[in-house]
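We just call them A, B and C in the order they show up, numbering each chain from 1.
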């Protein structure tokens, strides 16, 4: 391996994208869920997959997670081809997927437990992230004792505690009420800012996508493909309180709706 | 009225036992003792130890049979639930067993294994096992897909997905299957004692009928039904206590 | 289960078990299990005999009568319990008691009260089947969407109309579910009755064959009986699926 001995600055060896999908197709029998889909997910940023239902956005996310195998094409995380779930990615589920018989503490520590981290150590880590998502005091509660929003915070803490570089979020806020959802979106923005992680975020809400994303990939169905990639630029720095009345924010929301409206039944 | 339900329960018990008492006094049949006669026969038999000896005898095939059915049934059920091949191979047998009147096998069992404990245990087993197997298999197969996906996403190995996700998720339904199996086991145990050889409670029933001591016969029947119902109720309570919130928690309310 | 890309039908493994049975039978491993081929041959012989037809007729009579009473009494009682709170609270504990009670213990009482004949067997059959029918009919009525009743009321439906056009149909999926389980239990009840009360019908055949060591005959009748029971249960499951399409969308 003579090539690898050529000295390079570490930052340059890493690709600009943390995750890239190359020519992904996924067929279920005769149905084409995804066709020839290629996307780049920039490191340290949040990319939304937005589209009408049935456009294969969750399928794509699960392929990136390694939970589904693509019919053809590859997913690369840090230049490594994905062959299954790995420690570099963590998943936040739409229906939370909490173990109903386990306490919040055990649920959050589950990923670490599966990695063989010793009990005291993993509980210390879990406690830290439980505090971080604002659930301090609920360590010994069970999922059914929590509200929907709190349950998703548990799911988020579980994903954060394994310290994966890439966070995959499958419509994480769709099962919580509107007000909780807004709070979540604000928290997510500060999370993107402070954690050096790459976020891939599936949503069907246009406003949510524009609000939280550095990059929005709009997927269209039948056959599923990337319609457009939008990178909002100006309103991100104006603070969470001003985003929703920023003209650019409103323009982008309108523009996306214009391209999606024909696909809504 | 916080105690309305309890009051009505008591009231309906009073009405039922009252009707029994009155019907016994008319009497509607020479073979229909009053409620109080039956109760006093029951307490007499409890006091003189007849009842206790009888239950020691009756509960033996029941406990052995249910224990065998539980261990074997849950093991087979897990196997069926986890493997498509075993599902294909074994499910039809238990589905047919569940629908079929297995009591018809008793004459054959007696022929093959005699009239001893073995036959009685087997009667309990064939009654109790199908529902335990089918419930376990169904519960394993119905583990929420997202929980299994969660396990894989967080790098759980195949054995730890089974041990830490599938089995705990299935346990409420497995437990309910056990309860139904025990209920069927009671039917089997009494059937065996009435059909194969009169022992235990079956002996009290058969013997007191033959000497026309109807209060004792009714008392024995009353006691076994009472015992079965109390025990199954207790199990059900344990169930709700044990698996509180297990049905919920992973979906939004 | 798929094999070489083909989906194997659900019950096809019974063929494998049949083959295994044949092998065990041919090997002469145990006297109690004659080869399946012999059993099947006997089966066609047995079906034609008057003893079998008499047993079938007696069993069918007791079974149909028992199920008839279980349904005709069970469904209205269940619906009334679902509609009337007082009745519900008075009866529900007893329904639950008899649902899980070992009903075999009650058979001797039936014997002394109603004699060692058909009457007791029919009552046994009814007792086995009725409780789950009551319970399910009650549950069916309880879950009826309130807005459906308010709709009927606001469109001026009379109580009779409401009963026949709303209650019955809205509760039908649950009622049919209860009838299916009730009928399966009644099949067990009728055989237990025949074994315990008076040795008639299939019960008599089983006793006769096992007493005379006619194993092939025994298994032949057992197969017929199991097949009948299974067909009845599958037929009712099919009916239930026909109406359950709207049960999911309420």
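Assume a contact is a pair of C-beta atoms (placed from the backbone, for glycine too) under 8 Å apart; a residue touches a chain by one contact, two chains touch by 3 or more.
Small disclaimer: the values here were computed from a predicted structure and weren't measured.
A.B. asks: Graph shape for the chains shown, where an edge means the two chains touch. Line, ring, star, complete, or other?
C.D. replies: Topology of the interface graph: linear, an open chain of contacts.
A.B. asks: Where centres are the averaged C-alpha coordinates, which chain has the largest centre distance to chain B?
C.D. replies: The chain lying farthest from chain B is A.
A.B. asks: Ranking chain pairs by how many C-beta pairs touch, which one is first?
C.D. replies: Answer by contact count: the chains B-C.
A.B. asks: At what distance in angstrom does the C-alpha mean of chain C lie from that of chain A?
C.D. replies: 52
A.B. asks: Quick check: how many Å separate the C-alpha centres of chain A and chain B?
C.D. replies: Their C-alpha centroids are separated by 49 Å.
A.B. asks: When the centre of a chain is set as the mean of its C-alpha atoms, what distance in Å lies between chain B and chain C?
C.D. replies: 18
A.B. asks: When you check chain C against every other chain, which residues touch at least two of them?
C.D. replies: none
A.B. asks: Which part of chain B faces chain C closely enough to touch in the complex?
C.D. replies: So the residues of chain B touching chain C come out as 4-5, 8-9, 11-12, 15-16, 29, 31-32, 84-85, 87-93, 95-96, 98-108, 110-112, 183, 186-187, 189-191, 194-195, 201, 205-206, 209, 214, 217-218, 221, 224-225, 228-229, 232.
A.B. asks: How about chain B: which of its residues touch chain A in the complex?
C.D. replies: My answer: residues 144, 146-147, 149-157, 160, 164-165, 168-169, 243-253.
A.B. asks: Quick check on the complex: what are the chain A residues that touch chain B?
C.D. replies: Per the stated touch rule, the residues are 62, 65-67, 84-87, 89-91, 93-101, 110-111, 114-115, 142-145, 148, 151, 158, 162, 175-176.
A.B. asks: Which residues, counting only chain C, touch chain B once they are in their complex?
C.D. replies: Counting only chain C, the residues touching chain B are 1-2, 8, 10-14, 16-17, 32, 86, 89-91, 93-94, 97, 100-109, 111-113, 184, 187-188, 190-192, 195-196, 202-203, 206-207, 209-211, 213, 218, 222, 225-226, 229-230, 232-233.
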